[in-house]
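Structure first, then comments.
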Amino acid sequence: MGYTYNRLNKDDVALLMVDHQAGLLSLVRDFSPDDFKNNVLALADIARFFNIPTILTTSFEDGPNGPIVLEVKECFPDAPYFARPGQINCWDNEDFVNAVKATGKKQLLIAGVVTDVCVAFPTLSALEEGYEVFVVTDASGTFNQTTRDAAWSRMEQAGAQLMNWFSVGCELHRDWRNDIEGFGGILAKHLPQYANLMQSFSAQKA
Amino acid sequence: MGYTYNRLNKDDVALLMVDHQAGLLSLVRDFSPDDFKNNVLALADIARFFNIPTILTTSFEDGPNGPIVLEVKECFPDAPYFARPGQINCWDNEDFVNAVKATGKKQLLIAGVVTDVCVAFPTLSALEEGYEVFVVTDASGTFNQTTRDAAWSRMEQAGAQLMNWFSVGCELHRDWRNDIEGFGGILAKHLPQYANLMQSFSAQKA
Amino acid sequence: MGYTYNRLNKDDVALLMVDHQAGLLSLVRDFSPDDFKNNVLALADIARFFNIPTILTTSFEDGPNGPIVLEVKECFPDAPYFARPGQINCWDNEDFVNAVKATGKKQLLIAGVVTDVCVAFPTLSALEEGYEVFVVTDASGTFNQTTRDAAWSRMEQAGAQLMNWFSVGCELHRDWRNDIEGFGGILAKHLPQYANLMQSFSAQKA
Amino acid sequence: MGYTYNRLNKDDVALLMVDHQAGLLSLVRDFSPDDFKNNVLALADIARFFNIPTILTTSFEDGPNGPIVLEVKECFPDAPYFARPGQINCWDNEDFVNAVKATGKKQLLIAGVVTDVCVAFPTLSALEEGYEVFVVTDASGTFNQTTRDAAWSRMEQAGAQLMNWFSVGCELHRDWRNDIEGFGGILAKHLPQYANLMQSFSAQKA
Amino acid sequence: MGYTYNRLNKDDVALLMVDHQAGLLSLVRDFSPDDFKNNVLALADIARFFNIPTILTTSFEDGPNGPIVLEVKECFPDAPYFARPGQINCWDNEDFVNAVKATGKKQLLIAGVVTDVCVAFPTLSALEEGYEVFVVTDASGTFNQTTRDAAWSRMEQAGAQLMNWFSVGCELHRDWRNDIEGFGGILAKHLPQYANLMQSFSAQKA
Amino acid sequence: MGYTYNRLNKDDVALLMVDHQAGLLSLVRDFSPDDFKNNVLALADIARFFNIPTILTTSFEDGPNGPIVLEVKECFPDAPYFARPGQINCWDNEDFVNAVKATGKKQLLIAGVVTDVCVAFPTLSALEEGYEVFVVTDASGTFNQTTRDAAWSRMEQAGAQLMNWFSVGCELHRDWRNDIEGFGGILAKHLPQYANLMQSFSAQKA
Amino acid sequence: MGYTYNRLNKDDVALLMVDHQAGLLSLVRDFSPDDFKNNVLALADIARFFNIPTILTTSFEDGPNGPIVLEVKECFPDAPYFARPGQINCWDNEDFVNAVKATGKKQLLIAGVVTDVCVAFPTLSALEEGYEVFVVTDASGTFNQTTRDAAWSRMEQAGAQLMNWFSVGCELHRDWRNDIEGFGGILAKHLPQYANLMQSFSAQKA
Amino acid sequence: MGYTYNRLNKDDVALLMVDHQAGLLSLVRDFSPDDFKNNVLALADIARFFNIPTILTTSFEDGPNGPIVLEVKECFPDAPYFARPGQINCWDNEDFVNAVKATGKKQLLIAGVVTDVCVAFPTLSALEEGYEVFVVTDASGTFNQTTRDAAWSRMEQAGAQLMNWFSVGCELHRDWRNDIEGFGGILAKHLPQYANLMQSFSAQKA
């Protein structure tokens, strides 16, 4: 009857990066371009840091949607990668779903462009199949805030949890002592305001 | 017990366009006039593209509320059209409800002006009768964002799903290969930023 | 199992106006003063138009909170009026609750200042006692939008429905033909943008 | 060489109310409808209180622009009134300009709809003819804030001063002792937050 | 000594459309895509309506900046068109400047993407050469509002006037009677809220 | 079946102040620094006024996160205080949880920095263990409003209630007569706009 | 011909605090109450720190405008204080102007409520008499941002300089070495984000 | 009499980077941290690309203000660097001014933290000495937008020009052909939305 807090667990989770493509990114206007780029790459760094199985997919990458963003691809050179021939919901692509299942994970982190389609559709599909879904809201973008609000509502209603990359990283890390240097390095790179704290601290300790 | 993802299905869905009238539109201030016009006509084009049965209705069109917006009427010259003599909730109009039932569809897309009345009331009525209701949020407008937030809350609470015209189109289309040209044409017409991607792509391929 | 749409019904509803006092109003900053004044008086006019039993209450009106706003009092010269000696939640005032019960209504419209206290507390109390509660969001104000968002969340979670004065009026009225002149008069007075439509219409018909 | 502060002087000033028409008001979206209505009527009350010669004009009032707003007309039943047959800049209407000149005033208060056209054009024309022009910014409205910002810039650049109705009233009144009751009455009517102060004060003094 | 109001005069003015290219438009985020598309095309329609000599130019159109937006090109099939080989400020392109001079006009309307570069630079260059420059602010876009504010400041400081397409059209038209149908048609097409007024008016007159 | 309103009860509640540290506060950008400082100290004053057991904790306070904010520490000189050696979720610190349990309270007020981690994680943990959790939203801060919205959603979904310090104080106080001077003193100190009402009232009564 | 930078000089400047009264403050809505209180008291602390002659004045303090804010009065117990009997522009009060002149200063810092009247009017009057006027914008408040923008424009146009309390303090202080402790103390008290830096620094140096 | 457009000229300009320190950056809240970091580093890259003499300075870097941001220092390892012992206005530091003069440049680009002090003061000082000053607005930050608006106003009034890093780069570059690869590389690194255009272009050409 009560609530159960199923935390993100680095051994139970996979990451789906959906349609972060050079063309589609021009549609994202609920974040500044600098913020969004930083958020996406921070999520990628977190996945790599925790060795989270990651699956990449793109939609029509030979057309106007454009190729997967170079820096995303470079983060995951060996990840399963599915250039979908036409399915809008990546969960409609059998190879993609098989790859997700092959990870054997119960928890899914999903981020993508645009939130209301490329994130919401597989989120609802995965929830239906019993996965716990954690939408990484700030690595997912769309046309404007009104569209985002509606998309978030639909996913919440179905049971998805909304998180940001920073809380994903912290929930996975559990304890700074697991690797202070490593985790701190990610924050230094992707949270300029935290990097400033670190620099001031170091200078003053010196 | 689990969540079931009942996708919008082009064979199971009807569209209700409620009170998009020339006078009432002057009340809509949660979207810019250009954005709102585009959103409404994009939804109309989607309905036509998928041959979705569409029902039009107006409230007191011979008074200050004004006639149905010309371009909306022109999109659906043969659609059932109900100029309600006074009922505020179009679901209180027996002819309208009969027309909805006559479509034989289980899923309803509803858009209208103003969101908190002309959309929310039939949404709640239809939910009570067991329909799945998908509110097209960006083709529905009202006085200001505070009013919209409350109206969205009431409809969510009752079980309605909030979508935008773009995600409606994508969820119906399922796969680009079903008709690349046709669906792309709608996006080119109603998403200027996507049209730009298409033009750049074509130019560079040329 | 399904959802039931219990509409606001003019025969089943009472209105509670909580702490609209001259001093407390200076705390309201989630609406412009003109908008808020108009919203409160519009709600009052609606209650009078439908002869809805209305109960007024104030908190410490002899202190800094100040007297009930003159125009609100004038709208309901004969309404039960409870100047609470100290209870913050008006539902803790036995006389007030007795007056509510004496109306014999199942549905309650609640508006007040400030939303997070004077509205939220009696809303939660009334829900606990089995009333259907409809918060009139735009006739209720508080310190800022962040505070409002949290207060709305708490009330929604408990089952309250969020409405605005215009949708309350429309849901009660049901059909313009019940009294076109009367209802139109309220809109003309409290929706300047609708008054303009009416004036243009009249001029053109003349 | 130095700056000279030519204050608004009730004996030196005329008010031009330009195109506050029922249709055109639906274009105003840089103010909420309640705020804008209040601002326009507050300016009208100030003009009447100080017996400032006022000239009304409309553009194409028999067409979609609609009739002059009823309440504005009622404030100035005997004012010169020019329904322009087509001139967009009211200063291009000879009768209007003659009426302005006939007032013999050097200072002009100008308010109208829309700011970038119906206010800006006569403002620039009047400045060219040597008038001191004070634009009443909050009784003048237009499409959105971006448009307003540009229009304000153009008028400032030409030498117009930007004021709001409250500062106009205060600069004209000079000293509360000239008529405490009268001036206070205008504030009580048009500044709800000030009315609350007055009511609290009265209650506490009682 | 006094201010002179040099109005836009359809016989004295040329329009420069600078770098409205499919790629560059993805940088514009101080307007919604729908609004910006409408604004640019409205300005184009105004130029055509008044037969204003128009000059098109692009920057590196064979690279990432992309081709000139199709609809802009189609509006001016016979206009002088300069695909600049590298100059960022179009005024550094001799052919372009010669074309401007060949128009023999003293007044220049300038619009482009992005405001702080493609508009600001030729604006400052043209001012230096003694032209009167009118920046069409809402047909010019850039990265965000902060950037726009700084760019506007720099151009104002140099003497440019900031206008929007609607005020440009009205200042050129002078009097509705010059062509009611024609000018009304532009407004009907590009101001949906005005189109609604027109439709209501027509319906009621019918 | 029905809703039960479990009010905050001063005898049933403990307060957890999580990671209000000098360094971490520089990350908070969903409130102005003045507002946030005031909110945190207001919550502290409320806890002291009602003698609510309070537990303090910090994360890595010898590193860049910095020491606990001086004024927070000074408010609770004798409170249990846990400088966590590395656990990100304070509920993972056994000593901390033991201290919470030792209070014997069922209701927990939680505030902290940042909302999506230091507040959300222990909130979810405490809900899982059957506590009623009331998040003090305006004494909890994070990177920006988008992050806050997602964090609020996740906590609501799990059953937490969102409140602000003012409503916490009012729900605990129940009745002004319990201590008019004391409670009024807190408002005078932390609600400048209420202090003004009190000063005006006193002056007028004098 | 060139620009001369007449810096604020602690020996040349006087401060005018105009109408910071308990009632009038309820009109200020272009700052949060916490921010505004902090800004006003920070300015007061700066004036005291530099021994700047300060003159206080109020308008109708025995009426609804209310008494001078207690904390402002307490900052300047011995300052000349003029309770104006009716003049809206404090520069119309002969005693006030004489007190200003008696300071023998050429530079005036002016702050007050509301910006468009109580600040703008004496600013323009003082500029006319040849004073250099520095408006302390964040210790001056008014109805909303639109009103503020117009008031700032009018004062800029006349030659006033717009500053904030922090830049006033820094321009007066010139060099930290003049009194590190003293000036740092003001920042610690009124810039919570700077106080945090100081606390972290001290902790780390300890 | 006319306006002269003195363009930024790479041979005539020096860059002053003022007080971009790890502690002070926590005060900057008119940009997101990601945006601001990107803007500052973009400006640094532009200076290096054009070999613009750059001078660095810090204020009290051994105290709470913290050390110069590491990445800024690394960009200019050999630049003159002045750690000011106390002067708030860096122009009051003789060594700094001598270094500026030693560059022999007439044009100064100034960026710093905070805008209203560390940028505004040397801007006004340099204008007084006859330099042309171009403030790089988006590489300069301060407490909030209200403070920024006032600081911009003061600098504009004195004759400074407001630019952003992108327009600075473009005005210096003049013509893409001067170095397509080099300039494009800066844009690719600091304008993610432009990098996307470049990647799509390359992919399609491949």
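First chain written, first letter: the chains are A, B, C, D, E, F, G and H, and each begins at residue 1.
FYI, contacts are C-beta pairs under 8 Å (C-beta built on N, C-alpha and C of every residue); 3 or more make two chains touch, one makes a residue touch a chain.
What you see is a predicted model; the values in this text were computed from it and never measured.
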Q: Provide the labels of all chains in contact with subunit D and in contact with subunit G.
A: C, F
Q | CA centroid of subunit C to CA centroid of subunit G, Å | A | 41
Q: Would you mind pulling out the distance in Å between where the CA atoms of subunit G average out and where those of subunit H do?
A: 31
**Q.** Centre-of-Cα separation between subunit E and subunit C, whole angstrom
**A.** 49
Q: Specify, in ascending order, the residues of subunit C that touch 2 or more different other chains.
A: 23, 26, 32, 66, 191, 193, 196-197, 200-201
Q.
Judged by the touch rule stated earlier, which pairs of chains are there in contact?
A. A-B, A-E, A-F, A-G, A-H, B-C, B-D, B-E, B-H, C-D, C-E, C-F, C-G, D-E, D-F, D-G, E-H, F-G, F-H, G-H
Q: Over in the complex, which subunit E residues touch subunit C? Could you list them?
A: 197, 200-201, 204-205
Q) Contact residues on subunit D for subunit C in the complex? A) 22-23, 25-26, 32-38, 66-67, 69-70, 191-193, 195-197, 199-200, 203
Q) Of all residues in subunit A, which touch subunit E in the complex? A) 26, 29, 32, 144
**Q.** Residue numbers on subunit A that touch subunit B, as the complex places them
**A.** 23, 26-27, 59-60, 63-66, 85-89, 92, 114, 116-117, 120-121, 124-125, 127-128, 130, 143, 146-147, 149-151, 153-154, 157-159
Q.
Give the list of subunit C residues in touch with subunit B in this complex.
A. 2-5, 7, 30-31, 137-138, 152, 156, 161-164, 166-167, 170-171, 173-178, 180, 191, 193-194, 196-198, 200-201
